[in-house]
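Two complexes come next, and they have one chain in common, chain A, joined by chain B in the first and chain C in the second.
For the complex of A and B:
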């Protein structure tokens, strides 16, 4: 995060946006499922409103404009003037996608928003809002903003304490106009505070922004700034005070409470506090102010002056989320603009901006959470990993020293072991996150895929709360995205075809997550036509992937789609079928130590099942020995292990050894030799062979001296303090406290093939 | 040539620098004490494939995989197999943490910048890439000041 406080605030805003957008989509989906709960509609409204409010404070005009249109429609819906029917919700969902795009664009994270798409949705939303009739131009939103046009503040001026106001061009500001809370305004209570600081106020180190913030604590406020007294730049006296503030305070604070806010500055400002319901025109208010301080009447005649305290203004904007509109048209003295004109009985307006962020907090008791730097968690995990190793070493020493397990020390160690394990589990749980964060992105994807293919699709998710390590979460998104697209593009039929097959026109895609035997399983299933086996086989033959006369089981045919270069789509569609199909998915899953499988029933649909380790911080490994070194081979890559029969070992061209394995010859890799632990290539006897499969599906036989057993190991990076070493994926620390290298199977097999290792490039350290 | 301030922590005016001196064979070297995190005895390292001969491998330092560099071999000196009497100085090199295998840590010396003389031209280029200056201490000993930036394999030092 940047050190710049403004950037930090902005980053927080975008973080909140993420959450708001997620809430927004979640609530819209609830509406889509048929709920008409007014609370849900309100929640959607508040989310959009909060995004708009924050965006306004940061001058993100495009975002504000779009959010405003969205919000206007939501307002119609929550007032019940427009029905919240299915087509409307569908439009809202698409609008939420575009809103997310706008946020991403504003953040600089995404590409610019497609203006056609955005404008199209604006038109759709407006059509829904105004019942098909074109909106009454910009006049409509302006109606309820008291004729005031807010000054959009250039927040870049934040750091310039006495800088000039950076007044951006005013067109389109109608869209920026805050929607004042007229209903609250009409309610009894509330105060109108007119406040004109004298230069003395600033001289004694008081700040308008702090006072405004203090006022905002008493209730929702609307703040207006009159900068009409502001002289031109050449006449500007920076230490003078030029601004007049009009604050409308809702709620039931007493006059004393309001005045108390100004306790310390009372002598240094003009202040009037009048009941809000009172339609006293502003001249009267100002006259009252003038009466209170006659000596300043002449100053008032010049329409007041106020130090242009941008920083304070911005602080108030940022802190209380209040927008600060200022009259632009004429000085306050002029009769035209009237901030407290009795409100026309228009539609109930949205909740006050200041209160909105508070209201977005989910009403249900959410678990209390804190944000923690991931690095701290990782450090903790490292420390606990070391604790586990130390504990194991200690236990080993105690056993070696001949102490009985029933001795005091032995019993104490047992307790320590239990405690250690508990700590380890708890620490790993800290980094575990529900897969919800990934699943949440999928409804949008499905909508877009459905739109692009013209199919009707319903996404049903389950197991969103299934937890998995953060390292895995981050890498789940791509494979799931790809498989969902595939399911919609290739799996589901079009509506007519579905109806003809006696299925509902709308296809269903299920996305489920569950824990199974220490792994996370993700299932993606569709109720489409299933895998067209004759066609799959035909394509595989056509592409030369299998022999024409190959006899394959159904299962084997289904699995052909995972072969590199296999893509069933006859025409390359936008969605999938660029030739990087399921083989890419499989490779990325395998690189995570996972497996993928498919089951399909013709006419009923297909199910893809991914199984992944719960964390990438630990690995299921096979501990092996090669030339006095202990190494770890990733278990996921090992197909089986065997003791080779010498007769099965052959030499291609008399040099390169191959092993006959099930009627096929696979390259035989002497691990100790390729790793440079041993020079002599002839020692192929007496070892054990692991048949491994690389990520690209090639098989090879790795020769080691012995297999010690299976173990879960903690993965440690070699790169963090040294550098990548070819043939080594990472390192780990074994129970004896020594470092063991984890083999990079793919690199080993490739290295074997690409060159015959020579002594020079395998120079050993010891 | 690297200025002294670049290989040593900036000096506080009026105070002497603290350097940690160590021995490899008959020669004495030193590094800025601030770059040394701890000193520990030699434990057998796990060898790394495809590594230069001065890379002794990696050891476990409380959960951190620590690469061990035989500093003598790195300087091109004759070194034997490490024994239990050898020590590892755990030092920061850039953002990395490395273990430097030396014969023994001999001293902590304090001296002012003025006492440090540039490396004489008699030294070979290879030695000069590590030795950034020399100085004399009591008893007629000469100590060479080491710049740790180049002790990791070259390609990595550039990338780091």
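For the complex of A and C:
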């Protein structure tokens, strides 16, 4: 956090921008999928508008200018004057990319925005907004989006101030973009604007007079000035602000246009914009604007509005509760319909008390959230981790002291354990976030990758709401990005080739997230040509990665692409990068305690599967002993445990032990031997076997000396405290204070396998 | 005795502080505000002038605008301020 309050506010703005841009893209994708929900269009409009508003306050001109053009088109779409068709949504999606670029540039985080691209999109957006002058007469809405019915106004009764037409134009604000053709706009029935400048407004060289003139450009205005709060001269600070203006604007300007006038001063004034003739919101607005000493005005308004409500009540049910006005007055956005005209007395059925909630029900209440410095959450998580360890140690001490589990202390300890667990789960939940934040960045990437390669690509995502720890999410983005690019660059064929192969010209890339046995699994699949195995093998031989005569299974050939320095692209393309191959992806996944696997069918496509722990903080594990060492095996990987019969153990080729297990043979891995705790491979008697399943679904039997029990352990990184050890995922501190290593099951099984690669295709002869 | 304050052409943020000084200096006597040079009137100076009108009224002294320029009149009314304050007192003179 910066000490400079302005910088802090700006940082918050950019944080919000990130969320807004994510919402924006999400909603645009909803539109792309064929939705025509007006709420979605409104949400897009609001997101762009909010970005623009904030940007205006910080004087980020380029951003404001672009957002303005974007917003203008959105305004056309939400009013139904322009159709929200597929080409439009595609343009909007690209515009959202450029908007994100502008935000990044303004933040100083990204490269400068490509001016040609930006200008090109501005032109496209404007063409969609103003172009195709063909009238869309049918789309002329009868109501605006606030459900407000226009009230007929006698404009003739109003005489405009004589001097106004002579005022000089104000190019600065208006020059941001051409104002939309006012005649094309729906009649909104006019607006009531209550405006109270703060001293800051003047201090930052803005001027009420200019704002009033800008408003007058939108239509005939009546300006009322409230100077009741103005002190006598001695008490008047020349830079203080004491006046409140109420402007009634007639004509057909939209709310957006009205608010635009105040865009640059939004944070330096109190402002309310309500439809003319709408009593309830005005009361709310006045109440908000009114100072302590302006209570008369708000009381007056309250009286006025309750008078209207009483009239309505009398007209409908007569004896309705006097509480009724409250729900009507509360939401400013969705005012009750036409409070000016009482409902016809012939329709007594819908009592306002019943009707009001339907009319004014706010959209699903947004959950209340706070922003917390991540560091604080991390501290909390660390502390809870220590708490779990302490609790385990305490439990062990109690057991060692010979106290019965049913003793008071034993029972109290059990409660403590439950409570600890609950606290831990809750703390973890604080950091859990849906993978949406990562997935939402991908459509853009796919668009750009498709553009760069000239391929047609459709991205299908699923499971965006799958939650995973924030630290995992942050580190998911790069691997997914890389693999998606790979899928498009290397996996998918060009349109002609696809058509020739009898596939649709447009390739599909799927990105899915799901929870599977306590881990998060990310699948990236394409319907491309699959892995060209002869070529992969040829390259591996060429680069000296494998022996020329090596006999490899399909699976093993596929996995060659994860070898360091392996790249199948004949030419290094811009897209997939230079020299950064799948090995880097694999390493970054592994550093998260995750695994990556691939399956591929020639001509049908490839699927990459990432499997990651949900959190990097705790793990449910089985504590086992092997050659006097205490180890922890992740519970999620364990299928079952058993004591093997010697008769069930066979040796493949006389060397590699396998275990007969439910009428199948699984490789038997002597953990102590693989980990290097002991050299003697033959100590199989008296051991216990855990049947484990790797991420790729492969089963193996891990042989250990004893199983001590199941426990939740706090993960301590071995990499950051020591270094990476093959076969070890991390370490933990046990109840007795000793360090135990957490096994990396897949690595153990693979290590076992990789020692005998040339024999792996041998059929078992038992 | 009537003091005269000539209003500056540009009555914006920067003019507010000096204007208050000039107005206060003329307190306790009838005041004529010469608005002939005014080209631009901002919200802060508007406040000062409105407050001055009140203050002089409270003091029982006369405050009049003389030769209000067209710009002053126009902008005064665009603010929603009462033209009577400008012209009626002008007529008193």
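Quick note on the criterion: the second predicted complex is superposed on the first by the 388 of 766 C-alpha atoms of A that agree within 3 Å, B and C clash if a C-alpha of one lies under 4 Å from a C-alpha of the other, contacts with A are read in each partner's own complex, and residues count from 1 in each chain.
Just so we're on the same page, a contact is a pair of C-beta atoms (placed from the backbone, for glycine too) under 8 Å apart; a residue touches a chain by one contact, two chains touch by 3 or more.
Bear in mind that the values here come from a model prediction, so they are computed numbers and not experimental data.
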{"item": "First, second, both or neither for A:738, with chain B first and chain C second", "value": "first"}
{"item": "Partner chain in contact with A:717 - chain B first, chain C second, else both or neither", "value": "first"}
{"item": "Contacts of A:391 with chain B and chain C, given as first, second, both or neither", "value": "neither"}
{"item": "Partner chain(s) touched by A:677 [first = chain B, second = chain C, both, neither]", "value": "first"}
{"item": "Partner chain in contact with A:212 - chain B first, chain C second, else both or neither", "value": "second"}
{"item": "Which superposed partner A:725 touches (first chain B, second chain C, both, neither)", "value": "first"}
{"item": "Contacts of A:590 with chain B and chain C, given as first, second, both or neither", "value": "neither"}
{"item": "Footprint overlap on chain A, comparing chain B with chain C", "value": "none"}
{"item": "Of chain B, residues touching chain A in the complex", "value": "44-60, 62-67, 81, 96-98, 152-153, 155-156, 159"}
{"item": "Chain C-touching residues of chain A, taken from the complex the two chains share", "value": "161, 163-164, 166-167, 197, 202-203, 205, 207-209, 212-213, 216, 223-225, 227, 230-234, 236, 238-243, 245, 247"}
{"item": "Touching residues (chain side chain A, partner chain B) in the complex", "value": "382-383, 385-386, 389, 629, 674-677, 716-718, 720-723, 725-728, 731, 733, 737-741, 761-766"}
{"item": "Sites on chain C touched by chain A in the complex", "value": "12-13, 16-17, 19-20, 23-24, 27, 40-44, 46-48, 50-52, 54-55, 58, 70, 73-75, 77-81"}
